[in-house]
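Remarks on the structure that follows.
Letters A, B, C and D mark the chains in the order given here, with residues in each chain numbered from 1 onward.
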Amino acid sequence: MDLSYTPEEEEFRAGLRKWLAGVLPTLPPKPDPLDWPGRRVYDTGWQRRLYDAGYARVHWGASATLRLIFLEETERAGAPYVGANFVGLLHAGPTIAAEGTEEQRARWLEPVLRGDEVWCQGFSEPDAGSDLAALRTRAVRDGDTYVVSGAKIWTSHAEVADWCELLVRTDPDAPKHRGITWLAMPMDAPGITVRPLRTLAGSDEFAQLFLDEVRIPVGHRVGAENDGWRVTMVTLSYERGTAFVGEVVACRRVLVEIARAAHKNGTWDDPVIRHQLGALNAEFTALWRLIQWNVSESERSGGPPGVGGSVFKLRYSHARQELYDAAAAVLGPDALDLGREWTADRLSSLSYTIAAGTSQIQQNIVAERILGLPKGR
Amino acid sequence: MDLSYTPEEEEFRAGLRKWLAGVLPTLPPKPDPLDWPGRRVYDTGWQRRLYDAGYARVHWGASATLRLIFLEETERAGAPYVGANFVGLLHAGPTIAAEGTEEQRARWLEPVLRGDEVWCQGFSEPDAGSDLAALRTRAVRDGDTYVVSGAKIWTSHAEVADWCELLVRTDPDAPKHRGITWLAMPMDAPGITVRPLRTLAGSDEFAQLFLDEVRIPVGHRVGAENDGWRVTMVTLSYERGTAFVGEVVACRRVLVEIARAAHKNGTWDDPVIRHQLGALNAEFTALWRLIQWNVSESERSGGPPGVGGSVFKLRYSHARQELYDAAAAVLGPDALDLGREWTADRLSSLSYTIAAGTSQIQQNIVAERILGLPKGR
Amino acid sequence: MDFQLTDEQRALKTGVREMLARRFDATALRAAVDGGGLDRGLWRALGDAGFFALRLSEEAGGVGLGLPEAVLLFEEAGRALLPGPLIATQLAAGLVEGAAEGATVVTAPDGGLVEWLAEADVVRGDATGAEPIRSADPLTPLHRLPGGGAGGSPERALLTAAEQLGSAGRSTELAVQYAREREQFGQPIGAFQAVKHLCAQMLVRTEVARAAVHAAAVTGDPVEIAGAKLLADEAAVRCARDCLQVYGGMGFTWEAEVHLHLKRAWLRRERWPTPARGRELQAAALEEAM
Amino acid sequence: MDFQLTDEQRALKTGVREMLARRFDATALRAAVDGGGLDRGLWRALGDAGFFALRLSEEAGGVGLGLPEAVLLFEEAGRALLPGPLIATQLAAGLVEGAAEGATVVTAPDGGLVEWLAEADVVRGDATGAEPIRSADPLTPLHRLPGGGAGGSPERALLTAAEQLGSAGRSTELAVQYAREREQFGQPIGAFQAVKHLCAQMLVRTEVARAAVHAAAVTGDPVEIAGAKLLADEAAVRCARDCLQVYGGMGFTWEAEVHLHLKRAWLRRERWPTPARGRELQAAALEEAM
């Protein structure tokens, strides 16, 4: 049980802090949330600066501890969010790094790290949500090309992405987990229609993709044909690992801000509110420690984060919703004001117990894979 | 929507109140909780007074509204609990009244009402808890006698009961719900062993029954052979109906007492405690109204309470546990003192989400029978 | 004692539901969500149907019914997500000209907020200094009042509770319907215990709230009304929340009805008495019972 | 940073678990539950094994280990339901003669209660006016102190949290084991989602508490310790409660181990800081961070 960092890690942290302090004031103003091309330019520009300063490689290849420090410090300093680079850096990138050929890694990884190329994700389908493996987008082999038709949903940055990591069904007769293939789809290929999808938060953050005989070269396949499910699980367990580090740091900051707001509007004097915020302080401190525990574990095992990520996600998604419920309790009637940052954040927080595996699915995973409870008949 | 009572009902209430005020001071002192014969004498003595005063018939036959008033007023006046008469009045009695022959009704009902005979229940078995229909106690027909062997658990008042309402398996080859028969077993029959069963509350309130070739005449069967499951469901839905009326009245009184204790020890000044108690006040008021709603519904339909009883039980069992958790919050360290009445009551309250169908089973019932959701494969 | 609805009450409820299904169908709802403003034609139709004059005596041109009937009406309004300052207008019937007929739109401050201030013809109460805010509920334009909300009236609280109850019932209905139809892992999701138990708890919350709201309508007791609002607030918010969980990603879209119930339930919870205030009122009642 | 246990720590944990399995087996537990009083032989054996001298320096005849190792020890004690004023005695090692060796039994008031007062050789702190009560925990005789509990020490709070954590882990283990074996409706009850999800939440609560308690042991920070106790209290109580629900009727018997964890968890929750106090301490820390 050692929570101290090595001299090298401390040096990395100090260097990063110094660099951030110098570079952040020089950033251009943030683009409008609805300006997708502007957001791409902003996000990839930031990524390019990280690359040039040598910080891009922290996303894979580097130790999990360095990644933890990187995410902690960038969030603390108020650096731009990963944004348009999310799928490239945290989903497609790690997948290609782990499962791609030498050639594929050379082709796709560097542009992601440099902020030259943006990826989006084509996993979910309207009829395959929790049951992701039930996806029906079909890919039929035609010589050295896959011809793909179907529909995908919940795709971010689709409007400005260069690539889409796509799951398709290549063998409709195989058991559902065994007929899936992972493809990299160029977003400028003919046959792709992008339609914005409005969420309950009122944002057009996501899109639907309609694919009509899109032709994708066989060389864009990562992993073997029909082995896409296994290939994908690498990505998903990665997401459940350290992907939330920055968010937990941010939640702890928001909690302090909520306490400040409570002081200001007098609700701090109400012990019910104070206890609610106090309990959340203990909660987010513990979640931070749990992240450190998970990172240590993945450093030891050398692999991607294990199912322990499900434990974290179950608790964190709930805690995040409680955080914004507490914000609403402090705000009172102002919680109905969309002009308040926390009101919009509260609405987005609702997706946390649903996206990337509902809490119900996560509980099945924990019960069956960690605790060894039997599957139901 | 009418919550007022008819002149006849008000007259019944006034008469009962007056009678209770006169009779309660004349009752003998309460027996020691471990003195089973003494408890039987006390409980049946009270039942006999009710009978003589004309109030015994309220348990079945009378309107549900009169029963409601009866249970409300006796609880409010601090009259003795139904105690040893519980199974006779609330389980076996209603079953025999609904499903017994003319002769059986004549034989068994009057002695229950008069407090002459005490019943106990032999339903649950160690391996058939939530899955009651999986019971394995066997009854083999030998002429006009059933020969019964097996084991039963969670039997109250077994030491002093005259009769036991028993569920046995008469057809081991039939689907599990179709091979069960309801029998009235005389508790003095040879082959019955009663062994006390200590609960986590430290009381010996229950017993286990071991049955070794106990001979029961065929004439003691209520309903047809192998039809015992249906016969029993009448009893169980009865239990989920108005059986908790007195307890809800008692809970509301306890809540006021807890508030008084909070005033006394200063915890009332803590808004967290005050809000907890305030929320419970709203809760128990609503549960009382829900009882009135359920009673009205059963008056209209003319039958036993419907599945609405499951809705009530789900919420009430939880609310009762919250009530005693609130008592513990008010008591602080005194909540660890078994000398305090609420400490023991808190321990017993733990059984409420388990006994007579766990909350999990009740939720299945509500989801499948009321909401029409499909059974899982 | 017969706590069930009378035949007349049942007929009233069915009548209102059918009227709303006709006059405020899915298309009208979408239009309202997309910022159509207050539909004066619909308001007038509600007036013609006696929605606002319900509790006005027959001599005064009203329907002459009581609080229990008003509760049934507002349950249906909550269920249908009917927009507009319905409660303020009904409470103004007979007091503000045109309110009973649906010719005048009346609003009133409540809990630090004023709904539909810009569109209302008459404001009852003090809305000085009210500033427009971007309402989280797309069906209700809002102004924020400086300072907190003052006290409110039990009648308003009861009718708000009725709206919450209707909304809770609708969220339950939506979740159950979706759970029956949506298939995942080769069976309807409603066959999974996790979903089944979510739905069962939704029903329990709704039915407990119903008993509380209906009883409070009969007794008119202010403490009982405060308790009913507490339970109805919780039922509406949590049922909408759970409905969203049952819907999964599909509930997260702007097009699904689910989020409208959640946002409206949040808004109504801010009306007097808020849950914190309601618990204090209940505690005070306990104190009196000591 | 390597937050995992070192090999030495793992070995220590295993060693203690094995020692307790030998010296305090199921029969010894039953005897203790049935009111056997404090087992002085066991106490001495714990002393010989270094349980009390663990954090005493080697020069002073101790084992020379730190808070993290002490936490592992008390986790095992909590898991095994080991009776006696263990924490007070360990904290007295080096200060009270014979405590380190297990020759002296030391108790101390905490949170308005004193455990094992009649059997202790030494009382640290003021137990004036202590009155015996009928303890709800059959494994811990109790005296009640007049007035409330005063403040406590972070070290005591941390070791209490460690006991709670061990108990939470054990309740989870018991529930999972029972869920795998108990069959109802033709399959192990652990195959039903309702039971599965109860168990999953038990594990989540335990693992979050573990991260909090272990980190607090490393940093020794009083605020972090208070937060760890808050989470460990909740984990221990709710896991025992849920374990009871998984066990159903079978958990309701005196013979099942389940209730012993629940009662002990309730008792430890009353030690300083109680959850209410812990939340205030956390709120105060938030105030400082503003």
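One rule holds for everything that comes next: a residue touches a chain if its C-beta (ideal position, glycine included) is under 8 Å from a C-beta of that chain, and two chains touch if they have at least 3 such contacts.
Here the structure is a predicted model, which means the values were calculated and not measured.
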Query = Is the number of contacting C-beta pairs greater for A-D or for B-D?
reply = A-D
Task = Express in whole angstrom the distance between the two chain centres, defined as the mean CA positions of chain C and chain D.
result = 49
Key: Approximate Å spacing (C-alpha centroids) for the pair chain B, chain C   = 38
Note = Taking each chain's mean CA coordinate, chain B and chain D are separated, in whole Å, by 37
Query = Which residues of chain B are in contact with two or more other chains?
reply = 270-272, 275, 360, 363, 376-377
Query = What are the residue numbers in chain D that touch two or more other chains?
reply = 192-195, 197, 276
Inquiry  = What's the contact topology between the chains, one of line, ring, star, complete, other?
reply    = complete
Ask   = Which of the residues in chain C end up touching chain B in this complex?
value = 1-6, 9, 68, 176, 179-180, 186-188, 190-193, 195-197, 199-201, 203-204, 207-212, 214-215, 217-219, 224, 226-228, 230-231, 276, 278-287, 289-290
Inquiry  = Give the list of chain A residues in touch with chain C in this complex.
reply    = 124, 126-131, 134, 153-154, 197-200, 202, 270, 272, 328, 332-339, 343, 347, 350-351, 353-355, 358-360, 363
Ask   = Which of the residues in chain C end up touching chain A in this complex?
value = 111-113, 133-138, 142, 144, 148-149, 183-185, 189, 192, 194-195, 241, 244-245, 248-256, 258-259, 262, 266-267, 270, 274, 276
Request  = Provide the residue numbers of chain B that touch chain C in the complex, in ascending order.
outcome  = 1-6, 9, 65, 68, 255-256, 259-260, 263, 271, 274-275, 277-279, 281-283, 285-287, 289-290, 292-293, 295-297, 299-300, 308, 311, 314-315, 360, 362-364, 366-368, 370-377
Inquiry  = Give the list of chain A residues in touch with chain B in this complex.
reply    = 270-272, 275, 376-377
